[in-house]
Every structure is written in structure tokens, then in C-alpha cells.
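There are structures below to look over.
In what follows, subunit A forms one complex with subunit B and a second complex with subunit C.
== the complex of A and B ==
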């Protein structure tokens, strides 16, 4: 992989004192106080109106996903064949599909798939990546070489190609999509965490821990990883939209979530047969994907600027 | 410099070996017996056994792997289960089509992406800047295949300006190239904007302006030239992704390129063809990254000093 590029764009050090200047307590107490790392970051995060808007969108999407059975006007699998392929009307706000199922309800249920795929796959990737990355960065030497080469090999496949390969082997299904996308994106976590751990390892407080006889596992878990926390949070947030897009692509070519489960990508795939006379059917699920991915992208960018600006490319 | 290139080459060899291993393992853990897939249900057990022996599938996996690698190194990727055509022949034939699609998309993305990025950096905070930035965020958030369908629907079906499938003429490439290019255009315009803003605020740009150079010269010759480094990096690392991303576009527009070949071979469970395609795309991807890294070292001398030790 493009070794030079990646290394140059990696953050130069972990979150250290100089990155988070603590404001001395104001004498008059009237102006901005430092409320600690989290409060400061949250304040910076929500200063941007766009970020606030994206957070609201994400909240709404999560509510839709969790309470889909209560909020969806119809059963997403309920077929009324006499009502098939009807455009938007009062009782079907987004119209009906080829089996007379309510498109709005299917889109609402689709948020469950997209959000869970995005979040679960990134958590899987995060666990694998953080584990391997911190081991490589902490121990160095042969361990590091083996892990670094594996990172390179795994990132040598274009994302979608790799996802297709794994899905081909595992077979379609939601759980398999989780696994495939998790296996696909652990490398970016491993690469960044490795870099940060390597730097943190050389810092005096780590050396002090070693001298005091702290076990390696304890040093990594208690002293190094907490300092990588903001990087990891930002990576998870920015990894989710990519995973949602890849899931949509997989479901579109029929390797992802299988019918009758409602998934946006697979809805677009079915709708494609009807584009000549019912274009709305193709447009609706695509707009749902764009809104979701957009919200995650904007929120993730905001989070990165608030927590760890050095991740900015 | 020579040491750096040598190091990168060695690294690439290791990565390529890993790629071959991963591909082989993936294809060998696929459920279903390839011989049974090839033959019809009524084939006798003897016939199945004979074919299995002829294909070398009864040998130990390690032997099969070494055989696969040594053949692949001699550009022999086996034959398709169905058409019996050598995989390499099919790949070379279709690579031309993909390359044509990808390079058109790439040209669109670079040309429009860089111009939009420069223009929006120059009018920072203005209406055009907001438009470009908004457009770019939407561009990277939209699924490629959906954009392709929307273009097909509006400019192909509704307006009838361009063909919607197959490759009958040069016009057939217009919509697919735009669909594929939009995403990269978006990311290139973002990077260009950031990089230009950084460069423009530097002292030497003020000097150039102070000595009375025309604004056009300052921007194009002095600023853009230095702002290009991150753009080239991105453009280079996206090249491989673009080749792979053409998969969905080819599928939507029924363009007989590598991507469609791959999706087809998945649907037909044509293992040698799939294995060959995966390996081929991965190798192209690795080599294009290698080229980027090496050319990067030529463009930005700092890399040479940092890495050449």
C-alpha cells in the first residue's frame, strides 16, 4: 500500500498535554471555563450548526430504527398485490413496490439494517484493529513486522472487491455482512493505533510505568489505549458511512442482505426493473442512503475537528 | 533514492505473495464442489473423480497453491469452467474496456475536481465555495450505483441523449464515466480546496503578488504547483479504487469490462474466472500504489531524504 502517504498522514502523537491547553480559572468567572476534556470537546463539537443538524438527523434515524414496528405505517412485508407499483398517495406517502408493500415502511425498516451494519461492523473492525495495532506498536520487532505486513496485504485489495470475495465465501446474510465489513476495515484502526502506541510508548510516563513493574497488558490497556481513545472514536464514526455504502453495494448486487428483509441497496436493485415508468421507486431508497451517510460524514468530520484535528487529511 | 525504491519493491513482492495466498484461501473455502458445479447432476461418480484428477483437485492443498502461484507468475490463470476460455485472455480483452471507462472518469474527476477546488478556495466563504463544498459532501455520500441509475434514468431514458447500456459507440461511455467520476471529483475538489487554502496563505505567494505578477500566474504557476502534492497522492491512491469501483458502474450500464466479468462469474460460480479477476484487480491496485509512491518520491524530495536512509 502507499506506505509513505499513510505514514505521513498519521497523527504525530497521542493526545498529550499540549494538545488540550487547560485554561487557568478565570478570575471573574464570567467567561469560558474549562470543563475538562469531554465538556470542552462537546462544546467545540456543537458550536457548528451543521454538526448539530447532523446529530439531530442521526438521532431521528436511530429512533426510526429502534421503534420501527411502532413508527412504520404498514408491515414492511405485507403484500397487497392489487396495490402494486402505485405512486405516492395519501395512504402510502412514498408509494408501493412491485408486491404492493409500503415503500415508506420498508425504508423505515431499512434503517435498522443500515445502522446496525454500520455500527456492528465498525465495532468488530475496531476490536481487531486496536488489539493488533497496539500489540504491533508496543512490542515492535518481529511482531510488528508480521502485523504490519498483514495490514499491507489486507489493504492491498480494493474495499468492495474484498467485501465481495468474503461475501462470496460466507454466503449472503446480515451476520455475514457484519463479518465481511469488519474484516475489511480493521486495517485503518490497526495502522493508526500502532502509530500512536509507538509514540506513547517512548514517553516518560510509560517508561515510568515500566520501571515501576507494570505488566505489559496493564500498560497497554490502562495507560496507552485511553490516550488513543479520541482517534478510535473518530475512526468509528467516519468508518460507519463507508460500511453503510458497501452494504448497500453488496445488497445491490445480491450478495448482501437477502429478501424479504428490507435493505436500501436491495430495494434499489429491485426498483431498477421499473425505472422506465416508476422512477420514484429507485429514487426514494437512494435518498435515504444519502441522508444517512451524509449525516454520519458531517458528524464524523465535526467530531474529528473537535477531538483530534490531526486526523484531518 | 535507490534504496527507497528497492525497499518499496521488496515490500511489494511480499504484499503480492500475501495477495495470492489470501485469494487462494478464499477460493478454496467456498462451499460447494467446483466439479459438481461444472458437471450436470447426472454425471457418474467415476466421471466426477476423473475430472477432479484432471484438474488437479485431488492433490494436497499446498501443492495446488504452489502450482497456482507458479502458473500465475507465468500469467496462466487457468480456464473458465463454462466458456473454457483462458482466464488471462478474457481479462486482457476486458481490461481495455474498463481502462477506457476508468480513464474517462478519471479525466473528468481530475479536470473538474481541481478546477472546482481552486475556484472555491479563491472565493472562500462565497456562494460558489458553499456550492462546491456542499456538492462534494453529497458526492462522496451517494452510492455509485445509485448515481449511475439516476443518470441512466434521466439522461438516458427521459431525455434520450445518451445510450443506457452496452458499448455501441463512444457516446456509451459518457454516462458511466460521469457516474464513476463524480465520487472522485468530490474528494479531489475537497483536497484541492484545503491544499490551496494552505498554500495561498504562505509568504511566497504574498511576495509573488507584491512583485506585481498577474493573479492568474500567481494562482496557476506558484500556488497550484505546490498545492498539487496532496492532490497527486490522493489521485494516485484513488486510481486503483477507481478501477475496482467501475465494477458497479459496469454492472448498471452492462459494459463488458473486468467488473462485469467479476460479477458475472460470481453469479455463475465460475471459480477460476473469479479467482483470476480478484487476483488481477488486486495486482493492478498494488502496482498502481507502488507507482504513486515512487513518483511521489520524485515529486517531493523530502520523502527521499526521510526514507532513503
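== the complex of A and C ==
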């Protein structure tokens, strides 16, 4: 039964199905071959050179994060006090900081913090948001009212201020940054998933499933959420850069990752006092943040375009 | 033609007026880039030098210590006389001293201020400075409501009797902690005292006390002392040190502290001529919490001390702006042991001590620091120490907290390990080591050091009048605290720096790292040139 429903469900959002390949061909006259929804989306995604470039950047960043101990030329916490605040040179490509630590190595290790904060916090937000959003959208009524009001309450706070508030309660540290940012961004997931589930719930295939006695949990997990998948993926990708920036802001004011762990926000905070004397020290972690955030944003935009059926025509 | 001339003349006159030649003279307001400690200005309940910068211009003690370390009469006609046995001090107030609210200073205000310090409800932090006044202990322990050792003779004259002859008594009552408050206004203000109301006899009176943005003052025209050249002082709170420096460079503030981390850069910049330096009577040290499960063990504290390479930090990190400390007491101070050896680094011995203490695989502890201090020299030193002690297996986790939380945790004795800078309250060992490490003071400054032997040495030193005897007792107490109990781990005596615009005249730093602005003037011609 479920297979039938899933098959049925596909054309609803115009995502997959056997009829679909003909449609775009007829409209734009292109000769795109259909390979199913995912293959089709991937093809669309990689048609855009900017997206490809951002995907390459993200791949490089991921490699840097995973293999940081192998790639970083020095220990990021290793101090050579007599060698402090040196400009870029052969043995320290980006120079050294005020404690004589290699800035390049600290930036490479900083990738770990930024990426993990970005991804983990968005996963936390995603789990909370999707769970509550789908429950609210599916059950409606009082459940929906309570969850929707909670969403409104949580999103009423200014983002950074709310994060600072949570960090004050939890105390500084990287795990707490995950939690704070997760609590901060679940509302956007919940809101979108709720809307989409509400819409899908009224679809015939869902009704059919209900009539056939499918349990609510099964309907939500097997039939509704798979159709929200593309929305969730795009939200995660676009949420990561926001989380990276918030982590940098929290570390900048001393609430995020604690020293001597290298974090880009903290590096900028320290470098700020030397900005007129050693501008390169501030610029380096700043550029790292810009590149990462930009890459995630471009990739997220590309992903949205590729996955959005309405943009296919 | 005549009309045109008149018009030109009128235009000229107007221009002159507008440019200030015949307008009101520009006010001489000194703008000090202050640090907000998020604390009340009431000096009975805080110990911050940065609060003293402000409070000392508003409230005055009976005496004060000048930049040459001389004790001068302020509210009294002359230096108080003491009886032969050194127990009774007679004071005579200057006539007709006004508080900022227009009331006249009387002996009863002085008595009130002292009694307030000893009243348990005040929760005063530094009552030690004169708790040898008869009756003080009874008040501190809640057994008495008034100070029996304080005798009012008339509105101008009073006597203070001590329970033992305390040699540095006059120095101790010349500190900010012994400021004289107006009985009526202070009593009425209650908990607002120092937060929204702060009145004294000082040369400047508060016009706006904004605990978030700054304290703004103007010259007190009825001031009893020498007239001050400044029309007012704006203590502008700028939390971030970089913003403070940028404001200075833009000319929005006239004077500010310069953290030693930035000294090498500024010394080679165009602002080099505006840097002032001084050596305060102070010490940077590590303050371990004796009530902490791990740090309560003296072997671990000794291991920390042994694992630190002070010389490298002083030379390479602090770039020669500091010297290695060998004792808690300061060079030149009574009781300073100039033969004490430097603290040598010995990582192997540190590891052995950890094993003896039951931590063969290393030990973990936490160090709290104000987040605003992380980018100052204190933060840098902490980072270097963290890195060095790791080699011996000691893992110090740094936790940054905000100022208000830090004050609360420190006063409650809850900080496991803190890097501390401490300055003498008055130039006597009692105003430095007693104020920090005597058990009752250590409890509110987080170290929780409780040693009967150490306390007894300090008690004896307080009661002794012979300088040689006092010196011996302090030397021994210092050795006990820093070499046996490791209650404090001395690191450095630091040189301090400030930036002052060339048009700021007559500014001099005092011994205890407090910025005083008595007699400071602004050369407006130079400023506007």
C-alpha cells in the first residue's frame, strides 16, 4: 500500500514520476534526459558554475576540517612567545598571532569549529523543527495552536540577543553553542514543515492512506516528510552560514569557544586591537568566514533552485 | 558706503562671537576613558581601582596619600596627634566643610561612616583597614550598634581609640575605603547609595550617575580645599579597550589607561610622546581557591608554580614591561625579602608533586576571567601560563564570564583559579598582604586561605610598632604564603601605561594604580590649535 501511495504522491508536487520527463522537454524544448528526481536535480545543480565552485570550496573546507591535524603546519595552540605578531613569511604563510602561534594552523583548525557548529546546530534545529512542525501541521486544532504560538514566541526574540541569553544560562563552551544555536533556529524549520504538511495532509493519497487505516506516525514519517525533504535540505544548507556567523559573534564577545581552541570569531576579536598595526591578522580569519558563508549561501541557493519543481519550467 | 561698512563690521563681530572670542569661554571638561566594573561607587563594598578613579574625586577620606606617598590632611586641620602609647588619635575637622548637598560636615558624619563600615548589613569588604578601633569587632560580629572607640567631643573634634597600637593607622584611614559620607543623605539613599546617589566633600560633584554609560561631574564650587582648574570630569565608560583607544585617537577622550599588550606598538607609533608610564605598587599573581577540591592540595598549587616559566613570559610576552616577582610583598616595601630566590621552572618536580598528590595522570582545573580582560595583558599571561603548565600535566580550562558574574563569584569565594592583579591600598605591607590573604579577607577574594600560623604572624605584625620587628614578621608571613602554602603564586610586578593628550597638564599617577585628577588642568589653546 505504501508503495502505491508513494508513487501516487510523486506527481503531486511534480517531483518525480513517469509522466514528468516529457513535460519539461515539451516546454523548453531541451533534450534533458530524465534520470529520476535526484539525478535530474543534480544535473540542474551542477549546470550552474558558481554552484560548482561553491561545492568545491565546501569540499575543500570539509577536507581541511577532517584532516586538520595532518594539514596544519603547526600545533594551533603551540606558542613561541618570542615569535609573536610576525607578518606572513616562508615558515608562517599567514604570520603569527600575539602568542606566537601560527595563524594559518589556527584558521585550519577553526574550520572544524565553524563547520561543526554550523552543521550540528542546524541538525538539532532540524530535528526539533521538523518534529514539532509536522505534528502541528498534521493534527491541527489545539496542538497546532500551542506549537504555532511557541514558534511565534521563540521567533519574537532578536536572534543574537536570544543566543547571548541562552549562553549566559548555559555558560560558554562549544557544546552549549550547539544547543543555543539549535534552540535559536528550529522555528524556521517548524514553520515551513508545518505549512507543507498541512497542504500535503489534504492530498488524496494521504486521505487514501488514512482511509486504509495507516497510523498517524506512519503517514507522517513515510508519506508526508519525504515530500518535505527538499525544503529541509535547503533550509539546512541556508541555515549553516547563519549559525557560523552567530558562533563567530558569540566567540567574539567571549561566550563561544574558549581559549586556546581556535575559532575564527575569537581570532577576529583578538586581532581587532592590532588592526592598525597588523591588518593581515584581522583580515585572514575574516576572509575565511566570508568564503565559508558565501559558499554555503551560493550552494544553498543553487540547491533550492535545483530542487524547486516550480522553477523547472 | 557707510551702511556697507557697518554691515561688514556687524558681520565680523558676529563671526568673532560665533568663533567664541566674545562668547562664553569653553569649559574645561576632562574626558577620561573609564572602565565600567558594573559596580556601585560605594567604596565600602568594592575593591576596584577603576571605581576608585571615580569615587576618589567625589568622596574624600580624612587624610589622603599623594603621588609622593606622603600622607596629607584633607578634612582635618592638621595631621592627627596620637597619644604616647599610640592608642588614641585626636582629630580636628576643618571648619565649615560642605558636602555636595549643602550640609556641613560634622564629627557625627565621620562616626557614621566608620560605623557603617563595621555594620554587618553593609557587607563591607575592606573593614580590615581599621578594625583595630575599639568596638569595631563587636560591631562586625553584630554585638554592638555603635563604635565605642569613637568619641565625639564636639562637631569639629573627635578621638579614635585603638585596641592596640597599629603603626600604619593613618595610612589605612587615608584610603578610598575610609571615605566620609553624609549621614543623612547616605542613610536616606539606602541601597541606592553609590548606584544613583553619591555625595561627598570632594572637589567634583556628580551631575549624572549613569551606571551604564558613565559618571559625569562638575567642579564643586564650595570645595574646602584648593580650587580645581577643571570645570568637570566626564568618566565615560567604554567597555571595549579597542574602542577606547579609537576614541582617544579620534580626540573624543583626553586620557585613558593603555594596556601593556599594546605598549610596544604605541611606543613605535606617532603617539609615542603621549604615553605615560608608572610602576604601581602592585603584583600579578595566581590566586588559587583553597576550598576547591583539587587546588586545596598544596602540592598541586606548588606544581602550578613550578610549571610556570616566568622569565620567558616577562621577556618575550611582556616585552620587558614587567619583572619576575619573588615574593608577595613589593620591592621597597617594609618586609620585602630582597634575598628571596626567583621562582625557577621545574617541570619534572611539578610532575612528581602531582603524582604525590594522587594525580599521576595530570589534573584539571578551571580559571575564570572577565571576558573584557581576555584581550589584556592579564588574559595573555593566563594563556601563556595555561600553555606552560600543560607540559606538567596541568590542564587549566579558561572560562570567560561577564563583569557582574565575576564580581558575584569572586566575593562568594567561588572562582577555582584566577589571575589577579592587586595593588597596595596604602604603602604598607598591611595594606597589601593583609588585605588580600588574611583569612577574613581571603574569604571574599576567592582564595579562602585559612592558616592560623599566617594569621597570627599578621596579627602580631599589626600590633608591633618597631619597624624592624614588623619587617621580620611580614617577611616570614610572605614566605609562608608563597613558598610553603602556595596560597598565592606570585608572577610579576608590571609597569603600567596611560595615554594622555599633550594638552592635559599636571597629571601624575599615585602609588596604587588609581587615577587622581587633583590639580589637573587642560590647556585649551593647545587643545584647539
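What we mean here is this: the second predicted complex is superposed on the first by the 277 of 313 C-alpha atoms of A that agree within 3 Å, B and C clash if a C-alpha of one lies under 4 Å from a C-alpha of the other, contacts with A are read in each partner's own complex, and residues count from 1 in each chain.
Here is the rule we go by: contacts are C-beta pairs under 8 Å (C-beta built on N, C-alpha and C of every residue); 3 or more make two chains touch, one makes a residue touch a chain.
In this text, all values refer to a predicted model and were calculated from it rather than measured experimentally.
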{"item": "First (subunit B), second (subunit C), both or neither touched by A:141", "value": "neither"}
{"item": "First (subunit B), second (subunit C), both or neither touched by A:253", "value": "both"}
{"item": "Partner touching more residues of subunit A, whether subunit B or subunit C", "value": "B"}
{"item": "Which of subunit B and subunit C A:213 touches, first, second, both or neither", "value": "neither"}
{"item": "Partner chain(s) touched by A:160 [first = subunit B, second = subunit C, both, neither]", "value": "first"}
{"item": "First (subunit B), second (subunit C), both or neither touched by A:172", "value": "second"}
{"item": "Contacts of A:81 with subunit B and subunit C, given as first, second, both or neither", "value": "second"}
{"item": "Touching partner for A:272 - first (subunit B), second (subunit C), both, neither", "value": "both"}
{"item": "Footprint overlap on subunit A, where subunit B in one structure and subunit C in the other make contact", "value": "168, 171, 253-255, 272, 275"}
{"item": "For the subunit A and subunit C complex, residues of the former touching the latter", "value": "77-79, 81-82, 84, 98-100, 168, 171-173, 253-255, 258-260, 269-270, 272-275, 277"}
{"item": "In the complex, subunit A residues that touch subunit B", "value": "1-5, 149-150, 152-154, 156-161, 164-166, 168-169, 171, 241, 245, 248-249, 252-255, 265, 268, 272, 275-276, 279, 282-283, 286, 289-290, 293-294, 297-298, 313"}
{"item": "Complex contact set, residues of subunit B against subunit A", "value": "8, 11, 14-16, 18-19, 21-23, 26, 29-31, 137-138, 140-146, 149-150, 152-153, 157, 191, 230, 233, 236-237, 240-241, 243-245, 247-248, 251-252, 262-263, 266-267, 274, 278, 281-282, 285-286, 289, 292-293, 296-297, 303, 307"}
{"item": "Subunit C residues within the subunit A interface of the complex", "value": "241-242, 245, 261-262, 265, 269, 312-313, 315-317, 371-372, 374-375, 380, 383-384, 386-387, 397-402"}
